[in-house]
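A short worksheet on the structure shown next.
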Amino acid sequence: MGPNLFTNYGEAVSAVLFCIGFTNLLLQTNLIKKIIGLNIMDSAIYLFLAEKGYIAGRVAPIVVNGVTSTEAYINPIPSGLVLTGIVVSVSVTALMLSLTIRLYTRYHTLNLDEISMQLKKEGK
Amino acid sequence: MIISVILIPFIAGILVPIIPFQKRWQKEVFLETAVVLNSILVWYLLLHHSDSTFLLAHFTGNLNISFRVDGMSMVFAGLVSALWPFATLYAFEYMTKEKHENVFFLFYTLTYGVTLGIALAANLLTMYFFYELLTLVTVPLVMHTLTREAILASRKYLYYSLGGAAFAFLGLIMVIVYGSTTDFILGGVLDPAKTVGKTNVLLLIYVMAFMGFGVKAAVCPFNSWLPQASVAPTPVTALLHAVAVVKSGAFAIIRLTYYSFGTDFLKGTWAQDVVMAVVMFTIVYGCSRAVKETHLKRRLAYSTISNLSYILFGAVIMTPLGLVGALTHLVFHAVMKISSFFCAGAIMHQTDRHYVHELNGLGYKMPCVFGIFTVASLALMGVPGLAGFVSKWNLAQAAVESGNPLAWGGIACLLVSALLTAIYMLTIVVRAFFPGKDFDYGTVSGIRDPNWKMLLPLFIFTVFIILFGVYSQPLVDFFMEVAGGNI
Amino acid sequence: MNFICNFPFFSILLSLFSGTVCSVLPAKAAKAVNRVVIIAVGLMSAVLLLYLLSTGESFIYWMGHFPAPWGNEIRAGVLEAGMALFFCIIMYLSMAGGAHKLPGEVVESKHNLYYILVNLLLSSLLALVYTNDMFTAYVFVEINTISACGLIMIRQVGRTIEAAVRYMIMSLLGSGLLLFGLCIMYDLTGHLLMSNIKESVAQLIAAGEYQIPLIVSVALMCIGLCIKSALFPFHAWLPDAYGYSTVSSAAILSSLVSKGYIFLLIKIIYRVIGFDIFNSTRIIDVLFVFGLMGMIFGSLSAIKENDIRRMIAFSSVAQIGYIYMGFGMGTQAGMVASVFHILSHAATKSLLFIAAIGLTDVSGGSRKFIDLTGAAYRNKWAGVAFTAGSLSMVGIPLFSGFISKLLFAQAAVQVEGKMLASLIVLGISTVLNAIYFMKTVIRIYTTAGESPYSGVTFRDMKAYAVTLLFFILLNVALGVSSQPVVNMIEQGLAMFA
Amino acid sequence: MYFILLSIFFPILAGLFLLIRFRTPLSGEKAGTDRKPLLVLTGIFLVITAVFAFAAPLTAREGFTLFYLTETLPIYFRIDSVGQLFSLLAVIVLLCAGFFSFSYMKHEERESRYYGFYLILFGVLNALCFAGNLITFYLFFELLTLSSMPLVLHNGSREAIMAGLKYLFYSLCGAYGALFGIYFLYQSCDTLTFTAGGVLKETAVTQHGGFLLLTAFVMLLGFGVKAGMFPMHAWLPTAHPVAPAPASAVLSAVIVKAGVLAVVRITGYIFGTGFLRGTWVQTVWMCLTLITVFMGSMLAYREPVLKKRLAYSTVSQLSYILFGLAVMNEASLVGSLFQVLAHGFVKAALFLCAGAIIYKTGKTRVEEMRGIGKEMPLTMWCWTIASLGLVGIPPTGGFVSKWYLALGSLKSGLPVLDVLGPIILLVSALLTAGYLLPLTIHGFFPGGDYDYSGLQKKEPRKLMTVPILILTSLPVVIGLFPDTIAGIILMAVKGR
């Protein structure tokens, strides 16, 4: 277990990061911190993908010097996935942030529990 | 033909609110005609039945909705169709004091059709279908008065019935999966090849299904809906909660036990012991609650609980004789209880008194009603010469003959219950006829027997109580044939 | 290749494109476009379904001209086409039934936004149904989430925004897990197309390699989708989200969105991992237990609820429990029952939501039971429809709920170890269902005392009533002639393998 | 055969006729002054019924079936000697008490109801005596309870109604215990027709004899309720005293004997003494009867209210009879049946005396009755003679019966009980003397300090005294000719 963990340190780190992000997203009451957790979580996954797609000694799959041999480049699909994922996570984050702003303007707090309390008081 | 007897009440019922009747008697004539016609049709059908099955619709897989007349259906359909015209007649008079007549008669007549559907169902699925429908069409009748009490009662009735059906459903599934067919065949349809090694599970499900159908038959601990439901107008309480609905539960259990799971499979197992113990407990429990109850109709309802378990007791003896006993009590109790309920209804209708202690001295003012009530009470107690004795005799003989020690204990329960029956019924009679020395007769002045529409059914039922008591042989012979699978 | 094979792609593209078009149209036109698109997609799906039924086999459609394992693919079988058709029907009816509420609940300027979101949602649902590519599925899951969130918060009150935030958070947790599981799967197999992954997984299993990561990956995907489809105990977000959004949104969310995720899970089980391999893991036991618990606790929460919309929402938790119980049985029959229940529940739940709105409208907008007293007399159609829906939920024969119950029970009997548990829970859950639905039905048919709303009547009756009628008919149709549908599901599942 | 039916159904129909014809007005006032038609009719009916009942055994002795309740349950009548004996007792007591009530009931309300049920009761009793099988017997046993209940609660006070209900429920409880046995017997017997020596199937005895014994015990307890046997005796001291005195006389003298008849029937004619003798059932049963004998006497001794005292006395005396039946040999059976007659007449006479006292003076408690002998000498003389009969002083019938009982017990050869029985009977006889004779003593010798000034003649009318006199003389008569009577009884016991 130990040596494997050390060899695959990239995966291990991303898993740990994922857990951190996940926990933050789940347990933080502050909305901004939740969003940060979300981003950590997503980034951890991208790290994982990038790590998987990386082959030592090769370069990113962008043709600059006219080298067309596939041997020269790393696997492009994970990179593509990461890019797509980033797009998704950016849009989600944007949505979350906009929601947060709305809540903040209404209730003047970022604490989700407090917002729930106020809602209960409103009784609607 | 067979479907028409189910449809006619539906159509007639739906027409009631639609046709703009000018006068009340027109509506009465219309309804009574429809009901009587339908009853005649049912009897014609029963007497000229053929063994063929009428397939209405395929459901899913090999399940279908179909109808057939066999011995059991003859008993139940015959009973229901014989009682319904009288009850309808009685209802006309009774409902003059209630509101929303049209809605009442709509559902009242619908129930007739649904009950016939249960009786004539050829397989378990069809019966289950009508069984659920029965719950739904009777709920509006229970909540008819729309008082808070009625709402609570109907709510409870719904919960209990639907919940019970949910467990009865499990029994249906078992029969579908482990049976060779879902049709009713005396002796059961379980396929021995499929049930190997699954006996205990099947028995457990049987017990659940028994309790599920038992909800309608008011088996303890699922009986509390019945006394509450007696807030309904009396024709409903009398006919539905003494005959149609609760007997449907008992009928369903008989179908389940004798025609689906089969007595060979169940007899002598722990499942039989369990259900028998439950039934025995209910017999005594119902009676003791009736003794404690002071509301007249609720008292009768508790009495129904106990008497229904007589029927079930016969059923769970699981011998042909037991079935005969169960059927005898099924029919006789119907007549006795409907008669006593109608008396109660007549009392409430004439005097607006609901509690037992308010009945003091009424006996001399309403001699017909209380005379009939006395006969019904004695019959329920099982005095020889009246109907109740014969059915109890048959039940007890079946129990003795079965050789099952638990069933012997059941006889003791029957007798304890008979004693309690005497207590709760005769105290009413004594109150009515012997109000005591210092009773002020001024409080009952102006009270009279009701008119012929109420009395006629009562008299006819009383005649039947006595007739069954002294000359029941042809009927019992017929039940023997049914239990032997010859019809 | 037949022209009809283009239909899946067309329908996704059509709804996606119409979404963008809607943004520049006025509200009325957007509404028309939305209706037309749904009808068109539904028609295409119907034609596709007929075509597939006639050919009897599924097909794979390349996006662009790259063959597997490089290209992106769409796959259509009987089940997919049927599901798409069914989603369209429900969505159309839900939109029609809730249309009259929209002006009151959403500000005028945002109406076309609403239709954009609906169209987007439709496209993402269709994509979830048809796609053969895992990562595409993920992307559309996110699109689905975002549009669903938009549908919740389109009604701008505090409750809905809060509900939307909670919904987003839970959904994001779910999609995070899904994505992570997906990445591990990709890592293990090197593929993103479902059919290819399945081959590789079979090889891995045969070789006995990477067992633990495989299971972890499957588990992560399952949990992710469970969270998103509100399986107990991940259902905390659900009541608010369904309970306070506009009525069409609630109907669509409860009957379609969560079903989309569940359908994706079915696809993963069949097309990615393989049914038998999935069943050999302990995951199904976990799903089974959570399903059972959901059935009970969902209903218990519903009983305690004093708000009709939230009660229906909690009932969804219970019904989703049924579906997962079917998964957990690990048999073909259980799966058939679950798929049927997806249909039946979708038809019933949206009916209930729309009927409920009719009832609350005639009770001064209040959803408290006390105010609903006698509502069925004020709005007859809603009362009848609510009763029908309730009866279906309780499982009365003639309604679709009975058939799904029947199928579940029959499936349960065939599973030795889980038979008793599932049967008993099925029974108890029916009792609980009966309690809270019948309580409501009796309440709305009660006229005890004078209600303050006794004079209130309902506007826009015609369209609303027709919608409800269609819903009831759909329900009864599923309940009476279920055999063709069941056959179709069986055929479709067979095509998955 | 027609006389049997007439003796049963004529009084029942006549009673119903009275109930309907003379319906009392509802307002609650008295029946009015016009009692005469009612009384005349009742008297005629009573006499006619008595004639029928006497004539029945003379005309037909073979049984006949009236109809079938179910195919296997015939309603069957047959007259045998035992039945005849009980019928004799019933007819005489009912006649006497009936005529006694004509004047006694003057003060009571709703006389027609009383006479109506009285007549119905008469018919039912006849039917019981002539019943030829267990089912018929059971049928009329239940009817007996139901038709006698209105007599108990006749006066309508709360106490009377409660007592009536108590009577009803105890009796039904007993009847259902018996019914329990009948259910089982039906399967274990060839027939339920009464046959001397029993009708048990051989196979049933060998297969579950133990259970049959239990059945027998339950039936004995059940029928024993009616005969006031411990532990189900409590209804008797409550119910008997609250009824009008003639009704009490009938209850105490005749109706409780129905329980005795039932026990005779099931031990002798269904199970057969051979089956029961020497079993635990016999032992337990004997113990119960002895307990009852002793307890009844003790309670009577301590009871201050006259009619209640008599009721306790009935409890005790009835168990003499049951004790004799439990011993199950010839002498004891003769003793028992003798006691049936003796006790029947004596107890009826005593109750009527008590009734006369109450009617005339309104006194109910023993200590109020000092000097009563001076006021009503004839009544008190009858009381004294009847008391002596109950105590068992020769030459009254009571002595003969006790003699046979003791004889039978000593001959039985049962361990312990054979001697214990007679001892307890003796003790009880002493107690009987102790609770009955003080009334005589104080009645005639009120003591030196008694104030004679308030005394006046209170002897009742002939309509009251004549029945008392008849009933008092009868036990003496049978005591004077013990051999003849015993011979008849012996014939009956031997199974004619």
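Should a chain be cited, it is by its letter among A, B, C and D, assigned in written order, with residues numbered from 1 in that chain.
Keep this in mind: a residue touches a chain if its C-beta (ideal position, glycine included) is under 8 Å from a C-beta of that chain, and two chains touch if they have at least 3 such contacts.
Remember, it's a predicted structure, so these values are computed and weren't measured experimentally.
**Student:** Just curious, how far off is chain C from chain A if you go by their C-alpha centres, in Å?
**Tutor:** Their C-alpha centroids are separated by 28 Å.
**Student:** Can you give the whole-Å distance between the Cα centres of chain A and chain B?
**Tutor:** Their C-alpha centroids are separated by 68 Å.
**Student:** Centre to centre, by mean C-alpha position, how many angstrom separate chain B and chain C?
**Tutor:** 44
**Student:** Mind checking the centre-to-centre distance between chain A and chain D? Centres are C-alpha means, answer in whole Å.
**Tutor:** 102
**Student:** Classify the inter-chain contact topology: is it line, ring, star, complete, or other?
**Tutor:** line
**Student:** If you go through all the chains, which pairs of them touch?
**Tutor:** A-C, B-C, B-D
**Student:** Please name which positions on chain A make contact with chain C in the complex.
**Tutor:** Where chain A meets chain C, its residues are 18, 21-22, 25-26, 31, 34, 38, 41-42, 44-45, 48-49, 52, 77-78, 81, 84-85, 88, 91-92, 95-96, 99-100, 102-103, 106-107, 112, 115-116, 118-119, 122, 124.
**Student:** Help me check something: in the complex, which residues belonging to chain C touch chain B?
**Tutor:** Those residues of chain C that touch chain B are 391, 394-398, 403, 405-406, 409-410, 412-414, 419-420, 423-424, 426-428, 430-431, 434-435, 438-439, 442, 445-448, 480, 482-483, 486.
**Student:** Which of the residues in chain B end up touching chain C in this complex?
**Tutor:** 57-61, 125, 128-129, 132-133, 136, 139-140, 143, 146-148, 151, 154-155, 158-159, 162-163, 165-167, 169-170, 173-174, 176-178, 201, 204-205, 208, 212
**Student:** Can you tell me which positions in chain C touch chain A when the two form their complex?
**Tutor:** 135, 138-139, 142, 145-146, 149, 153, 156-159, 161-162, 164-166, 168-169, 172-173, 176-177, 179-180, 183, 186-187, 192
**Student:** Going by the contact rule at the top, pick out the chain D residues touching chain B in the complex.
**Tutor:** Contacts found on chain D: 26-28, 67-71, 73, 109, 135, 138-139, 142-143, 146, 150, 153, 155-158, 161, 164-165, 168-169, 172-173, 176-177, 179-180, 183-184, 186-187.
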